[in-house]
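Consider the two complexes below, in which chain A is the common component and chain B and chain C are the respective partners.
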Partner chain A sequence: MSVVNILVLVCFAYAALLFLVAFGAERAAHRGRSNWLRSPMVYTLSLSIYCTAWTFYGAVGYAARSGLEYLTIYIGPTLVMVGWWWVVRKMVRIGRSQRITSVADLISSRYGKSSLLAVFVTVMAVIGTTPYIALQLQSVTLSFAAFASVEPNSTAFENSQITALWVAVGLALFTILFGTRNLDANERHHGVVMAIALEAVVKLIALIAVGIFVVWGVGGGIEQTLARIDASEIGTWQVQGDRWAGLIFLSAAAFLTLPRMFQVLVVENENEGHLRTAAWAFPTYLMLMSLFVVPIAVVGLDLLPAGSNPDLYVLTVPLSEGQTGLAMLSLLGGFSSATSMVIVASIALSTMVSNHIVIPLWLRYSGGGAAMSGDVRNVVLLARRVSIAVILALGYLYYRMSGGGTALAAIGLVSFAGVAQFLPAMLGGIFWRGATRSGALAGLSVGFVVWAYALMLPSFGTGMVIPETVFLEGPFGIEWLRPQALFGIDGMDPLIHAVLWSMCLNTGAFILVSLLSFPSPIERLQGAQFVHVFQHSDAPQSWTGGVARSEELMIMAQRILGSSEALSLFQTEAARQGLAGYLPEPSPDFLQRLERELSGSVGAATAHAMIGQIVGGATVSVEDLMAVADETAQMMEYSSQLEAKSTELTRTARQLRAVNEKLTQISVQKDAFLSQVSHELRTPMTSIRAFSEILRDTKGITAAEQSKYSSIIHDEAIRLTRLLDDLLDLSVLESGRVTLNVQDVPLDEILQRAIASSGVGNLEIKLSGRDNSGTIVLRTDPDRLAQVFINLIANAQKYCDAKTPVLRIILHLKPAGKGEQMILDFVDNGSGIATDAQAVIFEKFSRIGEQNAPGAGLGLAICREILARLGGAITYLPGQGGAAFRVSLPLKPVNDLHL
Partner chain B sequence: MSEPSRSVFLERQTYRRRRLMDAARMLPIVGILLWALPLLWPQDPEQAVTTSGAMRYIFGIWVLLVALSLWLSRRLKDTAETDASRPN
Partner chain C sequence: MGKHVLLIEDEPNIIEAISFILSRDGWKVDTHSNGHDAVGVVHDKAPDMIILDVMLPGKNGFEILRELRAAPQTADLPVLMLTARGQLKDREMAEKYGASQFMTKPFSNAEVLAAVRALVAK
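After this line comes the complex of A and B, so read on.
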C-alpha cells in the first residue's frame, strides 16, 4: 500500500473517529449524562482552537524567519487568561445572564439591542475571518502535498485546488451535521466541543512528539539542542521592540474578539467555575505548544536544503528522517488544528449571519409579523446551514483567487488586526456606562476604514488593489495619507503602524462620540445591566403586560423553541402563576423570560423585535429608570423615602397616642360619671323613699312635719327631674332634633338676664367692653344663649376658689369671614383648670375639681352643643390667670343656622 | 449577630478573599511587566542575548505565571462557596 493511500485511509479514519466522538457526546448530552462532557478540562481544551494550522505549522516557519517573535502570539492570550478576573469573567457572566450568542450579539445587545450594530459587526467578522479560513485550507492542502511528494512519482494531491475543495466540503458537512443539529436555547454544541477537545489533544501530542524527536532523536539532548539554537542564524535576540509589544497586544485583543474564540470562551461556557481551571491550564497548553517550536525550526534549518518551506518543517523534518509514522501524527495534528478552527469559526459566523442578517430580513419580508409567519425554527436552521456552506465557499474562493501564494501567510495577523477593532466597543461596553451606540458605530467604522486602507488592501501587494503611486505619494497627492505612513510618520513596521493608528483612531472616535451623544433609555438600561452585571444579574427591561395575547406568544415560541419545549415553558410559567393549563398571563416577568429564551436561539435583537411585534413595544418603567440612575442617587432616594416613611409613622404614632390618651380619659370619666349618676340618682331616691315611708308608716304625724317631709320629697323629685332634663336636653341637642327660636336680640339684654337669673351670690361680676347702647344685635335663640351664659356664671360660682371670686366678662368684636364676630370671654380669678383636664372639660359627664359640687358634668357639654347649633363655638382659653372660656358667635350667621 | 466571635471570623475570611481577588487582578500586570523586559535587551548583535537565554527567561516567566495562577484559582475556589452571593 502506498504512503498516499495510507494517508487517505488514516485521514478518513480520523474523520470517522471525530464523527463518532461528536455523535456519542450528543447522545450522552441528550440523555442528560453530560457531566463528564462538561468538565473544566474539556472547556480548556476547546479554547485551544486558538491554535490553528497557522500556529501549528506557521509558528515554526515564523520562528525560522524571525526568531522568538512568534511567542507574542501565545503570550497575549496567556496574559488574558491569567488575568481572567478582569475581563473574561465579566464577559462570561454577561454572556450567561443575557444569553449572548455571538460577539455581534454582545455588542448589539449592549448598545440597546441595535440591529444596525449587529449587522455591522457581523459583516466585519465575515470579512476578517474568510481569509483565515482560506489559510486553513491552504495549510491542509500544502501538508497533504508535502506528504505525497515523498513518493517520487506520485501524482496525488498535485491539484491543490481539488484537495482544498474536498476538505472544504467535508468540513461543511461535519459542521452542518453537528453545529446545526438542533436549535439549542443556549447555543451550545456538545458534540462539536467534544470533537475539538479531542483534536486539541491530538495536535498537542503531535507537536510534542515531533519536538521530543527533534530534541532527543536528532539534536542529541537538551544542552546540545540549545547550543545548536545559539549557533543558528536565529541564535540571538533580534526582536524589534515595537513588534514585540504590539503583537502581544494584538494577540490578546484578538483572543477576546475573534468570533470563534468568543464562541468557545463565552457561548459554550457551561459553568463560570471552569474559568478557574482554564486560567492556569490554558496558559500551560499554550506554553507546551510553543515550547518545541524553536528546536524544530533550528533543526529544520540545519537538516533541510535551503529554499524548502519552513512552514512545513513540522512535517518535513520527520519525513526527511524517515519517520513516516511520526509525520503521519504530525499531519493529523495539523489537520486537527485546521478543521477545529474552521468548524467553530463557521458555527460562530453562521450564528451571527442567521441571527442578525437572515432572520431579521426574513421577518420583514415574509410579511405578517412574528406570530403569523411560518416555522421560524426551520428557517433559522436552514439559514445556519446555508450560512456555513456560504462561509466555507467564500473561504475556498478566497483561497483560489489568492492562488495559495505567500500573500496568504501574512493574512493571520491582518485578520487579527481586523477583529481587534471590536475591542474598544466591547471593553467600553462592559466597563463604561457612558459608552453609546453612536460612539460604538463611529469607533468601529473609523477603525475598520483605517484597517482596510492601511493594512488589508496593501496586504494583497503593492499595485494590486491600491496603485503604487498612492503608496509613494498618497491619494490625490496628499502625502500624509499614504497607506503605510499615515500622518507622515514614516519607517514604521506596516503592521504595527496600521494597528497603532486603527486602534487609536477607533478608541478616540468611540470615546469622543460617546461623550457627545445621548443614549436611548434601552441603551442606558442595557449599559447598567452590563457594567454592573455582578451586582444585579436580573432581567434588563420590562414589557407592558396584558397587551400581548398569550396564545400568539405561544404560537411564536413554538416556532422557535419547538413545540414540546415551548409547551413545557408555558406550562411551568402558568403553574408558577398558579393557573391551570398552558396559557400564563403575559406578565412583564414572563415576557422577559420568554425573550431571553428566544434570544438563545435567534439572538437578542431579533428576539426583542419579535416579542415587540406581538406585545407592541417595550416600555421603560420608572423602576427601570431608577436602575439607570446612579447608585448613589438610588441610595439617597431610598433613604429619603425611608426617612419620610419614618416621619409619617412617628406622626401617626403621636396622633394615636393622643387619641388613646383621650379615649382612656373618657372611659375613666364615663365610669366616674356612671358612679356619679348612680350616686346623684340614688341620693334623692333614698331620701324620697325614706320620707315617703315615714309619711306612710308613722302614726300621729304633725301637719308641720308632714308639710316639711312632703316638700323634701318634692325638692328631691325636682332635682331628679332636672338631672333627667339635662340628659334629655343634651341628647336632643346632639341628635340635631332641637328647635331654635331665632330672634334679633341685643346682646346686653341676654347677658343681663343671665346674670340676674343665675343669682350671683358672693361672686363679683365685672363687665368690660360692655355695650350699653345695645347696638350689638344678635340673630340667635336668646333662651339657649342665656342658658350658656348662666352655665358659665354658675361654673364660676361653683368652682372659683379665690377668696373674693371675681368673674370678668370681656366683650370684643372681631371681623370674621364676611361679617363680624362677637367674642365674649368669661375669666375668673381662681386657679383655673389643669392642663391635662382642659382637653376633656367639654366632654359629656366630665367633672373636674371637687366631686362634691352639685351637677352631673353635663353643663359645658350642653354649652358646646348649643353654640355649635347657633353657628358659634366655645373654647377654653389657657393662660388667663384663672378659668377662662371664650364664647364666639357671628353677629349675623351666614347660613341661617342649623335649624 | 448572636455570636460576635463568629462574625469576626467571617469578616476575616471575606477580607482574605478580597485580597486574593486583588492578587488575581495583579497577576497579568506582573506578567506584562516581566515580559516587557526583553524590550530593554541590547539590540546590538555583538552583545545580544542568546536565543537559548531568552527562551529560558520567557518560559521561566510562563511557568511562574501558571504556578501562581494555579495557586490563586485553588484558593479562590476554596473560599468561593462561603460568600458566593456577595457582590463584587
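After this line comes the complex of A and C, so read on.
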C-alpha cells in the first residue's frame, strides 16, 4: 500500500475517531453524565482553537521568514489570560446572564438589541473569517500535496482544488451533525468541544514530537541546536519594536473578538471558575506550542533546499529524513488545527448569520407574526445548517479565487486586524455606560472601511483590486489618501499602519459619536445591565405585562424551544406565581425571562422583536423606563441611602411628635392643675377678704353678724391651710422623695388609731373579719397607712347620703402571686359613685357631683400615692351598693419599699 | 325700691358676702347656685343685672353667658363675671362671649359695688 493511501486511511480513521468522541460526549451529556465534560481542562484545551493551521504550520514559516516575531501571536492571548482575565470574566458573566450567542449578539444586545448592528457585525465577521477558513483549507491541501510529492510518480492530490472541496464538504457535514444538534446556543456543544479538546492534544503532541525529533534526532542535542540557531539568520534578526507592540495588541484583541474564540471562551463556557484554570493552563499550552518553532525553522532552513516552503517544514523535515510515521502524526496535528478552527468558526458564524440575518428576514417575509407562522424551531435549525454550508462554500470559493498564493501568516494577520475592529464597541460596551449605538456603528464602520482600504484590499496584491496608481498617488490624485500611507504617514509597515489608523479612527469615532449622541431608553437599560453585570444579578423589567396572551406566548415558545421545554418553563413560572395549570400570567418578569430563553435560540434582537410582536409593539412603558433606565448603580445606591435616611428621619419625626404630644399633654395637665389650684386657693381667700372688708368697713354691724363672719374667716383660713398641706403632701408623694417611717405594726392598731382620730360623728363603723389578736403585723409606715384610712372614713362621713350612714370595714386575707395580701374593703351604704365618675375619682381635684362638702378633691389622689409608695394599691369596688374602696397591701412586704 | 341683681354663685360664703354688701347698698339680691337651670332663672326673674361665677356645677359660666347673649331679651343684660381661676385665657373667653365686666377673685368689696352700680347706671 502506498504511503498516500495509508495517509488517506489514517485521516479517515482519525475523522471517524473524532465523530465517535463527539458522539460519545453528546450521549454522555444527554444522559446527564457529563461531569468529566465540564472539567476546566477540557475548557482550556478547547481554547486552543486559537492555534489554527496557521499557527501549527505557519509559525515555523513565520520564524523562518521573520525570526522571533511569531512569538507575538502567542504573547497577546497570554497577556489577556494572565493580566486581563477579569475582562474575560465579565464577558462570560454577561454572556451567561444575557444568554448571548455570539459577538454580534453581544454588541447588538448591548446597544439596545439593535438589528442593524447585529447584521453589520455578522457581515464583518463573515468577511473577516472567510479568508481564514480558506487558509485552513489551503493548509490541509498543501500538507497532503507535500506528502504526495515525496512519493515518486504519484498523481494523488495533484488537483489541490478537489482535495480542498472534499475537506470542505467533510467539515460541513461534521459541523452540521454536531454543531446544530441543540438549538439553544447556551446548551453547549459538548460533542464539538470534546472533539476539539482531543484535537488540541493531538496537535500539541505532534508538534512536540517533531520538535524532539528535530532537536535530538537531527540537530544532535540541545547545545548543537542552539549553536545552529545562533549561526542562522533567525538569531540575527532585529526585533522591530513597533511591529512587536502592534502584533501583540492585534493578537490580544483578536483573541477576544474572533467569533470562534468568543464561541469557546464565552458561549461554551460551563463555569466561570474554569477561567481560573485556563488563566495559567492556556498560556502554558501556548508556550509548549511555541517551544520548538525556532529549532524546526532553523533545521528546516539548513536541511531543505532553498525555495522549499517554510510553512510546511513541520511536515517536510521529518519526510526528508524518512520519518514517514512522524510526518503522518504531524499531518494529523495540522489537520486537527485546521478542522477544529473551521468547525468552531462555522458554528459561530452560522449562529450569527441565522439569528441576525436569516431569521429576521424570514420573520418579515414569511407573511405572519411569530405566533401565527410555522415551526420556527425547524426554520432556525435549517437556517443554521444552510449557513454552515454557505460559510464553508465561501471559504472554498475564496481559496479557489486567491489561488493559494499568499503566505499563510499574512492572511491570518489581515483577518485578525479585521475582527479587532469589534474591540472598541465591545470593551466600551461592557465598561462604559455612555457608549451608544450610534457610536458603535460609527466606530465599526470607520474601522472597517479603513481596514478594507488600507489592508484587506491591498492584500490581494498591488493592482489586483486597487489600481497601482492609487498606491502611488492616492485616489483621484489625493496623496494623503494613499492606502498604505494614510494622512501622509509614509514608510510604515503596511500592517501596523493599517492597524494603527483603523483602530485609532474606530475608537475615536466610537467615543466621539457616543458622546454626541443620546442613547435610547432600551440602550441605557442594556448598558446598565452590561456594565454593572456583577451588581445586577437580576435584569430590570422592561416588558409591561397584561397585553400579551399567555396562549400566544406559549405557542411561540413551543415553536422555538420545543414543546416539552416550553411547557416546563411555563409550568415552573405558573407554579412560581401560585397558579394552577401551565399558563402563567404574562408578568413583565416572566416576559423578560422568556425573552432571555428565546434569545438563547434566536439571538437577543430577534427574541425581542418576537415578543414585541405578541405583546404589541409597546415594549417598554414610559414609567418603566423612567424607573429603570435612569438608574445607574450609583443612583440606586444613592437612592437607597436616601431611603434609609428618610426612614430614619421619619422615625425621628415620629419620636419627636410622640415626645411633643406627651409634653403638650403634660403642659395641658399642668395648666389644668394650676388652674385648679388657683381656684381652690382663691375661693377661700375670696371669702376671707370679703368678710374681713365687711368687718372693717361696715358700720353698725351686729354682734351676731360679727361673730358669724369671724368664724367664716377662721374656717376658710383653716381650709386654706389644709389645702396647702394636702398639696405639699401630694407633691412630695408624687416626686418620690417621701421618707417612710417603716415599722412592724399590727394592722388592728393602725385601724383603731385611724377610727379614733376621725371624729366619727353620726357615721356608724362596723368592722368584720377583725383581727383582734393582732397577729396580722404589717411592715409599713403606720402614719401614712392611717392617713389613708382616715381619708376613707372622712369621705364616708362627707359623702354618704344614707339616712343612717354605716361604713363597713371588711378584712380578708388572700393568697395571691408572690405572697399573701391583706385586703381591707371600706363599704358605705350611700348611693355610691356613678359609673362614669369611678374612673376619675383618684385624680387630683376630682370632686364629683354637686356636693358642697369641704375638701379640694385631693384625698383619694393622696391615698393612691401613699399606697403606691407602700407597695400596695387602692381601687374602687363597683357594685357594692354604696361607695366601696379596696385597699390591698402585701403581708410579707417586699424589700423594695420605696424608701 | 333698688334695682334687682341676680347672683349666680355656688360657694355659700361668697354668696353671703356679696349679698350682704349689695343689700346694704339698697339692691334687691336674688341668688342661684347651680349652672343647670341658671338661664331659665335669669329669664324668670328678669334682673337688672347678673353676677356670674365661672366654675359652677352643671354648666359653666361661659356657657350660660353664651346662651344669654343668644336670646333677644337678655342680649344686652349687664353681666359681671367672677372667676377664681384667674388666667388670661378666662379673661379672653369672657370678652369673647360678651361679658360686660370681668373680675378675678378675691375681689375688693368696693370694686364689686362700684362695678354693679356702673353697669346698671348705663
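To be clear about the criterion, the second predicted complex is superposed on the first by the 605 of 899 C-alpha atoms of A that agree within 3 Å, B and C clash if a C-alpha of one lies under 4 Å from a C-alpha of the other, contacts with A are read in each partner's own complex, and residues count from 1 in each chain.
As a working rule, contacts are C-beta pairs under 8 Å (C-beta built on N, C-alpha and C of every residue); 3 or more make two chains touch, one makes a residue touch a chain.
It should be emphasised that the depicted structure is a prediction, and the values quoted were computed from it without experimental measurement.
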Name the contact category of A:Val80: first (chain B only), second (chain C only), both, or neither.
first
Please indicate which partner A:Leu71 is in contact with in the superposed arrangement: first for chain B, second for chain C, both, or neither.
first
Between chain B and chain C, whom does A:Thr683 touch in the aligned arrangement: first, second, both, or neither?
second
Taking the superposition as given, does A:Trp280 touch the first partner, chain B, the second, chain C, both, or neither?
first
Between chain B (first) and chain C (second), which, if any, makes contact with A:Pro588: first, second, both or neither?
neither
Of the two partners chain B and chain C, which one touches more residues belonging to chain A?
B
After superposition on chain A, the chain A residues reached by both chain B and chain C are none
Residue positions on chain A within touch of chain B in the complex are 67-68, 71, 75, 78-86, 226-227, 229-230, 232, 234-239, 241, 244-245, 248, 273, 276-277, 279-280, 283-284, 287, 291, 294, 534-535
Where on chain B does chain A make contact in their complex?
21, 24-25, 27-29, 31-32, 35-36, 38-39, 41, 43, 45, 48-55, 58-59, 62-63, 65-67, 69-70, 72-73, 76-77, 80, 87-88
Quick check: in the complex, which residue numbers of chain A touch chain C?
671, 675, 678-679, 682-683, 685-691, 693-694, 697-698, 712, 716, 849-850, 852
Of all residues in chain C, which touch chain A in the complex?
10-14, 16-18, 20-21, 24, 34, 55, 57-58, 84-87, 104-110
